[in-house]
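Labels for the chains are A, B, C and D, by order of writing; each one numbers its residues from 1.
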């Protein structure tokens, strides 16, 4: 039986951080630094991300993606707002009600679509019908998409633009949950600008933790929105997310941006997932549930096969809400031998 | 063209109050009375409703059903709770986010079912699957049903029991939104006890306003739950619903209970709706959307017919979320001539 | 022993409503009326109060003053706001945390001053020092005063202006809790305009219930503030305060305005309090705690005297936070014989 | 002019982390680890802290003290609760309203006392008088103290016990904000047990960040309280504080506990503060505001002296709410030469 620790396909957040991120963090531990994100590392973030996105942005570093998404939504939506997202959205299913907490009770309204992506036409119809009864209804407030999606696919710039146009038509801002943003950039071979502000995104939760960091995420606000920034800074403090020694978060973010490290790591993860998907889909009893575009592979197979894999030390998630669907995630750290071992196991399985 | 005011089928809350309710309120205006629900009228409520329900209950009077439902849900659900209700539920669609406000952000989770009623099997499966990911998911907290339902139907005692059994199996309390409770009692020819606590209901929002009162609702807690009562009393005050001169609300509730006035009025309203439904369903271009059991008639017909009715002064609601569906509501005050005039209009329509 | 019911000096909210208010309510029960404050009575409020205040105002009727104050504060203050008020303020001490609920956690910051009135200089210094540490502090958000005050005094127009000037200097809006607004108007012989918008008040919680109504209060917004109104309408619904049959609240408010009924009743209440104060202060063992300007008399006397009064059926409040202080409130209904009996009792006491 | 960077007396959270903490973090970056605090480091915390406290405790690691305090208070207090703390308390002044956010609007009620410590007698009287008006008042809910205090003093075990006895008498739990817990332990030469659970503390926010960590704090629950733990786990997730790679936080905490590293570092910081205090207090124009017991020195001196120090590169905080008071903080990293340079500057000053 292969080493169980290397057969870990549970999540990219179970992988270790990249050594360059760790190095950056160690180097940031040099002498005194102003507390509460007024240190030199944190102060460099606006420029570093403005370069990355080819436009002026404002950046708030913090330690978790749940906090980033929730602080953004709390700022963009009033407590009586409706936030439109895919039924599979992480903010809807996996954050324990954090968006509801930070928005003081906004309602997350699922809008369907193929492959984990909102359907622009359904979105338009949904928003058009909403709010017909004035204060008796919650008020349309935000459209939220995830890039890469929770189904492991990536929105093209055109797809995002179609959705943004619907949002803008109704006067709503666009939020992007970018927990796996680098994986989408890598797959699409698009620039970060193309799939964000140029496609109508207003605020991005930029993910570093799944991309090789220890605990580093950032709220990226495109354009000049002092009103939003005030609300975000207040909510970050009020939520307990203004780390006193923020330099250690910011240094990680800077490391990911330097020389495209984050993109490199995401590309490696994607490549591993592609390889895994190709081999698995060749198995006669295994089907891919959704196109594999980022670093996640969703497979549908028999219960016997799942049990066979589990019995042999493969760690992965049975996907909630679906029958006989499992999720396998690759990171830049996933060893090729783990992929080979997994493939081998499927061939010797039931 | 008939008098527009008598062709009002918009809602039972547009009808005037019954004269006996008004008399009770005028009589309550006699001399001094202790403030904040410690007056003699309010103090009689526990006994009066205990008699009505044939068991010991605790009663909190207040002025709106939205407040009653929301205070109950805020007490039964933690902020990270999941509240299961029908997709058509008033708490989900029509209260402007009040339940989310009073629960500090709980999530309302729709559970489908025919004719506005939760399906017990779907409910069981939904709760069973929920919460699999621990704190990442919201926690199953409350099952909420509406009696009579938002589709104008009424749950039988057996139907309620089936749902309650699922709730109890999962350790969840049962809430009943009884905005039109008397209409259900009247239709079912059941005792109030049979379709509440004997069928597993833990807390009821008892509706008076649509039943002939001016503004009188009550939270009814079955059994001995001092912990819930503490939370409800605190939330009623904190929500601004502890009226200083509560006697005027409580006197209305007592009037509805006296000599079965509420049941009588609900019976009259139901009868009118039955008559209306019977006649309308005989029309070849009009269909009933759901069985007419309480005092609401939902019809599906052509856009031309709806416009014809509207042009002739019939007031009713186009039902949101459905195409070509209109809702016609009767109250004890609906004149027979209004019903006749409406029927006549459909016959002379397109 | 005199009739205990007529020796009630506990609160003006224990008195019955005035018959003209009751008549108005009965008359409003005529036929159908559009629900949710779109009825003809509610629609007349903007004009009626604009006439009353000699300027354009927007009015939201509702049933309790706690709700009025809290909805206003929730609109004017962000969740991280500081609301400056007198240590004795009703919003700070007596609303069970309702302002904190509707603001989602704003902080009420006491600012001292004589006779229940904020001291403008202390207020200025307090606000100037607040917020020095940015997001680590709560942000100055609202200045709130009560008219008449919780000590039974009334702010003059000049006093209000001094406070408003401080608020405006710091960019903060002014809220007035007017639970006993008519008593202040009557005492000051000022116009409603002079002691509100002309003195810098932005939003008033207008009290009807203590002024002879059953349950009728109103949010009065001075000037053109569509942003505030949107927030207030949403919060009124979300708080469960949008009564479906709002006509019954609005009719009461209109009755109070008609022919100056509210002012007349407040004048009567004040006069009775003046008489009571004059007689009590002549007693060698009784002292007035604060000047008696509205309808409340605060006395300091011996424990023996308080027990003597209580033993003889005088109902009043021992005032929390003070030793040997009792509050006696008069309403337009307080019988002269009750005042005489009370005076007599003090003379025969210990 | 001396190097400005070494004259940093602003806060212990501007100092770098200790190298052993950094080493522990680097070593934790080894291979895969289960996400969301189910990793081996996090799983060792309960035992490690149970050894440290000589009793069974439950531990929730997280990244900030503001979050730790707020999650605790949100669990111990209902939304309508009163939390008693010193007027100088960090939770009251410096967390931007985070406790109000996590409690959904509880009220922080200042209770005075010398040297930053609650006075047990005043506390008793305050709680006794609170809540006299039932739901109209907020409900006494929690007593919170800070160890070491915000004035740089430390509660003795007896002092804590006196306060706890008052709290228990009123049925309230005790919270300790231990941002500088190790400094108090070191000063008092007490065991961690003596000044926590043995003295009546129920829950501790254990501070690591100011004690040499990068970003590591912990909620410590004494005794067997599954109800509290459920609420804390839910709130940690819902607040966005359940880091996916929690191992990096937990490894820091373990490093601080190992061989008493945290105590050693706190002892060094205290010693430096003692030296600084001794020398400064010998200056004829400088007075110590409070006894120097932990690692903070509060001095009162002339504006000219403060400006002299600032002009020469000494970084410190002018203390808000006081005139001519400055705070100087030492950490284990404060160089002796910085202290010498500061002393020298005061002697050459105005």
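Criterion: a contact is a pair of C-beta atoms (placed from the backbone, for glycine too) under 8 Å apart; a residue touches a chain by one contact, two chains touch by 3 or more.
The model shown is predicted, which means the values in this text are computed figures rather than measured ones.
Here A-B and A-D were compared by C-beta pairs in contact; the pair with more is A-D. The chain with its Cα centre farthest from the Cα centre of chain D is B. Between the CA-based centres of chain B and chain D the separation comes to 51 Å, rounded to the whole angstrom.
Centre-to-centre spacing of chain A and chain B amounts to 42 Å, using the average Cα coordinate of each chain. Rounded to a whole number, the gap between the C-alpha centres of chain A and chain D is 34 angstrom.
Shared interface positions of chain B, i.e. residues touching 2 or more other chains, are given as 79-80, 95-97, 101, 104, 135-136, 234, 237-238, 242. Those residues of chain A whose C-beta lies close enough to touch chain D in the complex are 5-6, 8, 10-11, 13-17, 22, 25-26, 29-35, 63-64, 66-68, 70-71, 95-98, 101-102, 209-210, 214-215, 234, 237-245, 248-249, 333.
Contact residues on chain A toward chain B in their complex (touch as defined above): 79-80, 93-97, 100-101, 103-108, 129, 132-133, 135-138, 320-321.
In the complex of the two chains, the chain A residues touching chain C come out as 36, 78-80, 104, 135-136, 139, 231, 233-234, 236-238, 242.
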